[in-house]
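Right, I'll just put the structure down here and ask away after.
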Amino acid sequence: MDFKELITWLIPAFPLAGWFLWGLFGKYFKGISGYLASAFVGISFILSVILFIIVAYSHGFTDTLYPWIHAGIFKAGVTAVIDRLSIIMLVMVTGVSTLVHIYSIGYMQGDKGFSRYFSFLNLFVFSMIMLVISDNLLLLYVFWEAVGFCSYILIGFWYEKKSASDAGKKAFIVNRIGDFGFAVGIFLLFLTTKTLNYQAVFSMIPSIPAYTVTAIALLLFAGAVGKSAQFPLHVWLPDAMEGPTPVSALIHAATMVTAGVYMVARFHVIFSYSPAASEVVLIVGTFTAFFAAFIALTQFDIKRIVAYSTLSQLGYMFMAVGIGSYTAGIFHLISHAIFKGLLFLTAGSVMHGLSGELDLRKMGGLYKKMKTTAITFIIGGLALSGIPPFSGFFSKDAILADVYNKGFYFAWAVGEITALMTAFYIFRLIFLAFFSESKLDPKLHVHESPGIMTVPMIILALVALIIGFLGIPPFNDSIFYGFLHVDFQNAHIFDPIANNAPWYFLSLISVLMGLSGIYIAYILYIKKAVSPEKIKSMFKPVYLLSYNKVYIDEIYDFLIIKPLLAFFNFLWKVMDVKIIDGAVNGIASAFAGFSVKARKMQNGLLMSYILTLSVGVAALLFYYFVR
Amino acid sequence: MSNYLILATIIFTIGAAGVIIRKNLIVVFMSLELMFNSANLGFVAVSNALNLVSGDIFVIFVMVVAAAEAAVALGIAIAFYREKGTADIDEASELKN
Amino acid sequence: MYNNILPAVYGLNLIEKSMLSIIPEAVIILFAFLVLFLTFFEKLAKSKNPYYLSLIGIGFSILYVLMLSGRDLNGFYGSIVFNSFEVFLFTAILFSGLFAVLVSKDYMKNSNMPNPEYYSLILFGISSMMFLVSSNNLIMIFLNIEFMSITAYILTGYFKGNKRSTEAALKYFILGAFASAFLLFGAVFIYASTGHLNLYEIHTFLKNIAYGGLIKSGGGMGINIYLTAGLLLFLTGFAFKMSLFPFHSWTPDAYDGAPTPVTSFMATGIKLAAFAIFLRVYTLIYNFNIINFNGILWLLAVFSMTFGNIAALLSSNVKRLLAYSSIAQAGFILIGIIGGGFYGYSGTLFYLLAYIFMTAGAFTIVIIFENSDLISLDINKYSGLGYKYPFIAASMSFFLLSLAGIPMTSGFMGKFYVFSSAVKSGYNWLVIIALLNSAIAAYYYIKIIVKMYMPDKEMLNSSAVNSEGAFGIINGAVSDGLIITIIICLFFTLLMGIYPQIFINFANNSAASLWKI
Amino acid sequence: MTFFIRYLLTILIFFPTASVLLLLLINKKNEGLLRNLSTFLALVEFILSLYLFVYFKPDTYKFQFVEKFNWIPSFGASYFLGIDGLSLFLILLTTLLTFISLLSSYKYIKENVKEFVILMLLLETFMIGTFAALDILLFYLFWEFMLIPMYFIIGMWGTGRRVYSAVKFVLYTLSGSLIMLFGFIYIFMMHYNQTGNFTFNLLRLYHTHIPEGLQILLFIALFLGFAVKIPLFPFHTWLPDAHTEAPTAGSVILAGVLLKFGVYGFFRFAIPLLPRASFAVAPYIILLGVIGILYGAFVSIVQKDLKRLVAFSSVSHMGFIILGLFAMSAISISGSIIQLLNHGITTGALFLFVGMLYERMHSRQIKDFGGVAKKAPILTTLFLISVLASVGLPGLNGFIGEFLILIGSFRYFPVYTIVATSGVIFAAVYLLWMFQRVMFHEITNPEIEKFEDMNLREIFTVLPLIILMFFIGFYPIPILDRIDPTVIHFLSMLHHYRNSNSIIKLKTGLSNV
C-alpha cells in the first residue's frame, strides 16, 4: 500500500491502539493515559489533515485492508472510501475529538475510571472514523452499532448511578430499534442489488423500481432517526446527558448523532431517486426542529436545553438533506459540530465551576466569576441563534434559503419560527446563568476552570467565529459547495428551483428572527418588563406541555413498556410453566395414575388371577369364533 | 367323535368353573384333575375314532404327570395349611401389587 | 462348526443316534442324581460339594453341546431333535443354569436351606428345559413343560417355613396346572383335527391342506374349527409360561415369593425355554394361511408391553419391578416372532440370549443386597450404593440400561433387531407402540439408578449400605460366585452391544435350522 | 505420521476413553492428581483435534479423514467415520469446551471428583463420535448413549431439583430419539426393499427413493428426535430445568455441544434423506423457529434466575439457527453454521460467568447482586464482552452469524426474517438489563463487599472463548472458507427439489418477493 493508503489505515489505527493500551494496562498508566490518548487522537487528526490536502489536490480512492466475509454470493471486505465527503467528516471528527480529549483531561481529573474513560473515548473515535470511511453497508452498519455501544458505555460511565446506567441502556435499546429498520433496509437492498458496496449499489439504483427504492430509503432512514435522535426515537438523547459532559459534547452533539445526516448524504443517490422518502426526511426534520425547540423553551437543566437544541439543529440538517441540498446539510453539520461542541464544553465548565450544579434556577451572575466560560458560551449562543458573522448564521441560512427557493414555504416558515425560539431559549439560558442576579448558595466556591479546559473552548470559539466564511459567497457558488459538490454529482435532481429570492432578503428575515428572539429573552429576564410567571400562567397548558417534554416518555411507558412486560410475564408464568410444562408433567402423572390402576389388578387374590386367565382364554376364542 | 369331544369340553368347562369358584384348596385340586381327565377322555375318543394308538399313549403319560402333580400339590397344600391353619385359598393374599 | 471329535453319525444305528441326541440332558440328569445321593452322607451334604458337583455337571454338558454342535440328529422316532437351534438354546439354558448355581452358594448358606436337593432340583430344571427345547412331539412338549413346571413349583416354595414362599408356590402351582390343562386340551383338538402328534408330521399335513385347498372346499371346515380351537388353547398354555398379558398374573407373585436365585432362574431359563419351544411350534404348525395368528400375537404383545411397563412404573419392590419388566420384555420378544421370517426369528433368538444375560445380572445384584428381612427389596434400600460399591452399582446401572434398551448394550441391539424385523414385514404401529413403551420403561429403570447415585439424604440411613447380613456379602466382601456371574453377564451384555456380529451369526445358524425337516 | 493422520478420528474418539481407563487406576482420594491429569488429557485431546483443522482440505466438499470397517455385516452397518466442514468445527468446539469445562470445575466440583472427570471424558468420546459417524446405526449408538453421562452429571452434581431435571432431560430426549430411531429403521428397510441389501451407510441411503407423502411422515419422526435436542419451541421445557440445575461444566457442555446435535442431525440426516419433505415443511419449522426466537427472548426478559435467563436465551438463539438452516440459501446456512459455533462459544462463556458468580455468592437470583462491577473489574469486562457477543454486537462473533442468517433467509422468507430481526432488539433488552442489574448500581447486598475478582485459572478458562469471539468477529474467513464447499454441495444435493415445492411455498404465501 502506498503512502495515502497507509495513512488512511493509520488514522483509525491510533485510537484503536489507544483503546487496547488504556483498556488493558490502564492502571499502570494512571494520569498519563489522558495525555497519551489525546496525543494519539491528535496524531490521527494531523494525518487526516494531510490526507485532506492530498485528496483536495487529487481525487478520492478506495482501499481494501482485507476480505472480511464471503458466504455464497455475499461478499464484504474491510474497505475504506476516501472522498471529499468522508475526508471532511474525518477532519471534523478527529479535530473535535482531539479538543474534547484535551478538555477531558481536566474535566475527569481524579476520577477513578480515568483510564477506562479514555480507552472508551478512543474506541469511540476509532468507530466513528471507521463509520465515516467505510465503503460498504455492512461495515457501515458494524460501526454504526459500535458507536452506539460506545455511547452506551460512556453514558453509563458512572455505573453506580442508576439513572446513568438506565440512560445508557435506553440509548442502546432505542438505537437498536432504529437499527432494526436499518438492517431490514440492508437486507432489502442486498436482495435487490446482490451487493452492499456503495459504488455498485449506486450504479444499480436508477434501474430499480421506485417503490423498492422508497422502501429501502425509508428503512435506512429509520436507522438515521434512531441514531440522530429524531422524533419519535428522540427520547434517548436528553437522558444521555447523564454521561460526562465531554462525552455529550463529542458523541451527543458533534459526531455520533450527526452520523444519520452523514448516512443520508452518503446515500444521496438512493434518497434522491425516491422523492417520497426525501419528503419524509424533510417532514421529520422540520417537525423535530420545531418540536425540540418548543420543549427547550421551558427547561431549567442547562445540559438538557443544549441537548434539545441539538435535536432541533439536527432537524435543520435533515431538512437540508431532505430537499436534496446535501452540501448545505453537511455544512451545517460541520459548523453545528463546532459551536454545539463549544456550548457543551462551556456548559461542562459551568458544571465544573459549580461542582455539578445544573439547575438554572440556582445560577446567575456567573459572568463576573468565570469570564472565559461566559464569553465562549455567548459566542456559541450567538452562533446557534444565527447571528452574523458567526458560523451558525451562514450554515443555517444556507439551509433555509434552499428550502425557500425549492418552494417548501411551510417548512421554511417553521424553520424561521424555530430560529426565533432557538435564539430565545439559548439566550434565556445565557441571561439566567451569567447575568441576572445570583441565586447561588453562598458556601459554594465558584471558580474558573483550569487552562487545560479553557484552551479547547477558546479554540472552538475561534473556529466557530471563522468557519462560517466558507459559506460565502451564498448559494451554489460558495467555497464549501464548490469543494464538496463534486461528490453529489450523480444525485438525481428531483425538484427544480421554484424561485430565487435575493440572498440578502432571506438572510435579513432570519437575522431579524434571531435578534427578536434575543430581545424577547432580554425583556423577560434582564429588564423584567414582563415577568415570566405571567406568561407562564397565561399559556398554562402549553407551558406544561413544553415543560413535561410533551409527555412522550410517559406515553411510551404506558402504551408500550408496561403492557409488554405484563405479556412477557404471562408467557412465562402461564404459557411456559402452566401450559407447556404442565402438559408434560400431566402426561407423567397420568401414567402414574395408570400404574396405580394396573397394580390394582394384581390384588393378590388367586380367584381374580384365575378369572383373568380364563377371561383371556374366552377372549381369544371369542376373537376367532364369534367375531 | 365330535360328540365325545363336546362331552370332554363340557367336563373341562365344569372343571375350570370348579377351579374358579371353589375356595377350598382340595376341591380346587380335584377340579384340576377333572380338567386333565377330560383331556384324557378327548384323547381316547379321538384315537379311537381315527383308530390310532398315539392318543392312548398320551393318555398314559398324562396320568403319570397328573399323579406327580398331585403329589406336589398335596405337599404345597400341607405346607400352606401349616402356616395359615386353613385351606381357604383366599388366605393366600400376602403377595400383592 | 464341524469341529467335533465324535465319529461321524452315519455309522450309527437308530438307537445310538437317539442316545447321542440326548447326551447333554442325560449328563445333567446324571449329575442331578449324583447331587441327590449326597444327601445320604451327612458330611458331604453339609460341605460345598453339591455346589461344585453341579458346576462340573453343567460344565460337562456344555462340553457335550459343543461336541455335538453342527450335527443334525433326531432320535426316538423324531420326537427329539438336535440341531443348531438346540445348540444355541442349550448354551443359553446352561448359562442361565450356571448363573442359578453360582449365585446360590452363599444365598443358601445365609438363609440356611438344605443344600443338595436344591441343587439337584436346579439341575433337573435345566435338563427339563433342554428336553423341552429339543422336543418335537406334543407328548414330549406336554411332558417337559410339566416336568419343568413341577421343579419350578418346588423351587418356588423352597423357603422352608416362609409364608411368602409357600404362598407363591401355591399360586404358581394352581395357575400353572390350570394353564397346562388348557395346553393339554388344546393338544386334544390339534390331535383331533390332524391325527398326528409329531410336529413335523402335523406340519406336512397342514401344508398339504393349506396348499391343497382342502380348507376352501367346505369338507375341512370341521378340521378348521378343531384346529383353531386347539391352536388357541395350546397358545394359551405357552402364553402362560411366557407370562404374556392376560396370562401374566402369576409372574409378579411367584417372582416375589420365590428365593431370588430361583426367581432369576425362572425369569431367564423358563422364559427362554417357553419362548424357544413356542418359536418352534409356531413356525411348524401355526403360521399357515389357515388362520392368521399374527393378529392375536399383536394384541398380546401390545398388551403385555403396556401393562408390564405401566405396572412397573410405581412399584417400589425390586423383585416385583423386575417381574413386571419381564412381562414387558416378553412383549418385546414377541415382536420378533410377529415380525417373522428368518430375520425375525434370529432376532428373537438374539434378544433371548441378550435377555438371559441382562436379567441374570440384574437379579444377581438383587441377591447381593437381599436380606433376611424381606423389606430389604424396597428400592430405597439401594440409596447411595453407588458410593459404597462402585463396581456393583455401575454394573447394575449397566444391566438396567440394557433392559431399558440404551445403546452400547445388548438390550439395544436385541430391540433394534426385533423392531427392524417387524418394520420389515410392515408392523409399523406395533414398533411405534413398542418404542413409546421403551421410553416409559426407561423411567423405572432409571429410578433405581437415581436411588443408587442420587440418594436423598433421609433415605441413606435405611439403605442397604449400612444394613448387615445381606445374603450376598460374606464379612464385608461380595462373594466370588456372584462376582463371577456379574462379570460374565457384564462381558456378554457389553460385547453383544458393541460387537454383536458373532452372536448374530450364531442366532442365524440356529434360526436357519428351524425349517430343517 | 501418515498412520496418525489416517486414523485421526478414531484416535480422537477413543483417546478420552483410554484416558478414562487410565484415570480408573488412580485412587479416589487423590483429587488433585485426578483434576490435573484429566484436564491435561483434555488439553492433549484438544491439541490433537487441531490436527484436523491443519490437515483439512478446504477446497473439497468430500468427506475427509474417512475410515470404514465392517462392523455388523448382517445389518450392513459399518464403522464409518468422516468429517466435512460442519463436523470439523463442531468437533473442535467439543474438544475445546470439554477442556474448558474441566478447567472451570476445579472449585465447583467438591465431592466425587473421580466420577466427574471420568464422566466428562466419557461424554467427550460420545460427542465426538456422534459428529464423526457417517453410519446411521453408529451415529445412533453414540447419539443416545451420550444421554447417560450427561444425566449423571446433572443428577449427581446438580443443585435444587437436580433429579427431577435429570430424569426429565433423559426421558424427554429419549422419547424423541426413539421415534427418530423408528424413522431410521423405516428408511433402512425401505432401502432394503429397493436394493435388496441392508446398509446403514448414510451416503448410500441418500439415494433411497421415498414418495413425498411418506417423506413427510418420516420427516416428522426424525423431526421429533432432533427438535427435542435443539430444542425447538414447544419441546423446549426440559432445557431451562436441565440448564438451571446442572453444574457449570454440565451447562457449558449442554449448551455448547449437546444443543448442536439437533441442528447437526437436520443438516446431516433429516434434510438430505428427505429433501422433498424438508422443503414442504420448511415454512412450518421456520415458523416454530421464529416463535422460539421471540418466545425465548420474551421469557428471558422476565426471568429472575440468571441461569434460567441464559437458558431461555439459547432457545432464542437456536431459533435463529433453525431459520437459517431451513431457509436453504447458501448464505443463511453458512450463517447458521457460524452461529452454531458462536452459540457454543458465547453461551458457554455466559454459563461460565454465571458459574463464577454462583461460586462466590451461592445464589443465582439476580436480585441478590448489584454493584459487582466495583469489586471485580476483570469479571465485569469479560462478562460484558460475552454479553455483547450474545446480543450480536458487530465486531464480535454473534453478529456475523445472525447477519448472514438474516440476510440469507430474507430472500425466501422475508416476513419471518423481519420478525426474527426484531428478536435482536429484545436480545439487547434482556441481556443488558440483566447485566445492569447484576453488575452496576450501588452495592446493596453486603455479601458483595467480599466479592473477589477472577483468579488466574478462571481468566484462562474464559480467555480462549473471548479471543474466539473477537477472532470470529473480525476474521471469520478461515471458517467460512472451510464450510463453504460443504454448504454448496449440500444445496446442490437439494437444489432440484426446491422448484418442485415452490407451489407449497406459494400456498403458504412465503414465496420469494
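Order of writing sets the labels: A, B, C and D. Residues in every chain begin at 1.
Here is the rule we go by: a contact is a pair of C-beta atoms (placed from the backbone, for glycine too) under 8 Å apart; a residue touches a chain by one contact, two chains touch by 3 or more.
Remember, it's a predicted structure, so these values are computed and weren't measured experimentally.
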Co-neighbours of chain B and chain A - touch as defined: C
Chain nearest the overall C-alpha centroid of the shown protein atoms: D
Most distant chain from chain C, judged by the mean position of its C-alpha atoms: A
Comparison of A-D and C-D by number of C-beta pairs in contact, larger one: A-D
Distance from the mean Cα position of chain D to that of chain A, given in whole angstrom: 38
Euclidean distance of C-alpha centroids - chain C vs chain D, Å: 43
Rounded Å distance, chain A centre to chain C centre (Cα mean): 79
Centroid distance [mean C-alpha coordinates] between chain C and chain B, Å: 26
Residues of chain D touching at least two other chains: none
Two or more partner chains touched - positions in chain B: 16, 19, 89, 92, 94-97
Interface hub residues of chain A, defined as touching at least two other chains: 599, 602, 604, 606, 610
All pairs of touching chains, each written as two labels joined by a dash: A-B, A-C, A-D, B-C, C-D
Chain D-facing residues of chain C, complex: 387, 401, 406-408, 412, 416, 419-420, 423-424, 428, 431-432, 435-436, 438-439, 442-443, 446-447, 450, 453-454, 456, 499-501, 504-505, 508
Complex contact set, residues of chain A against chain D: 23, 66-74, 138, 141-146, 149, 152, 156, 159-160, 162, 165-166, 169, 172-173, 176-177, 180, 183-184, 186-188, 190-191, 565, 567-569, 571-572, 576, 580-581, 584
Interface residues, chain B side, partner chain A - complex: 16, 19-20, 23, 89-90, 92-97
Contact set on chain C toward chain B in their complex: 138-139, 142-143, 146, 150, 153-154, 157, 161, 163-164, 166-171, 173-174, 177-178, 181, 184-185, 187-189, 191-192, 195-197, 222, 226, 252-253, 256-257, 315, 320
Residue ranges of chain D touching chain A (in the complex, touch as defined): 168, 172, 234, 236-237, 295, 298-299, 301-303, 329-331, 334-335, 371, 373-374, 381, 388, 393-395, 399-400, 403-404, 406-408, 410-411, 414, 417-418, 421-422, 424-425, 428-429, 432-433, 436, 439-442, 474-477, 480, 484, 487-488, 513
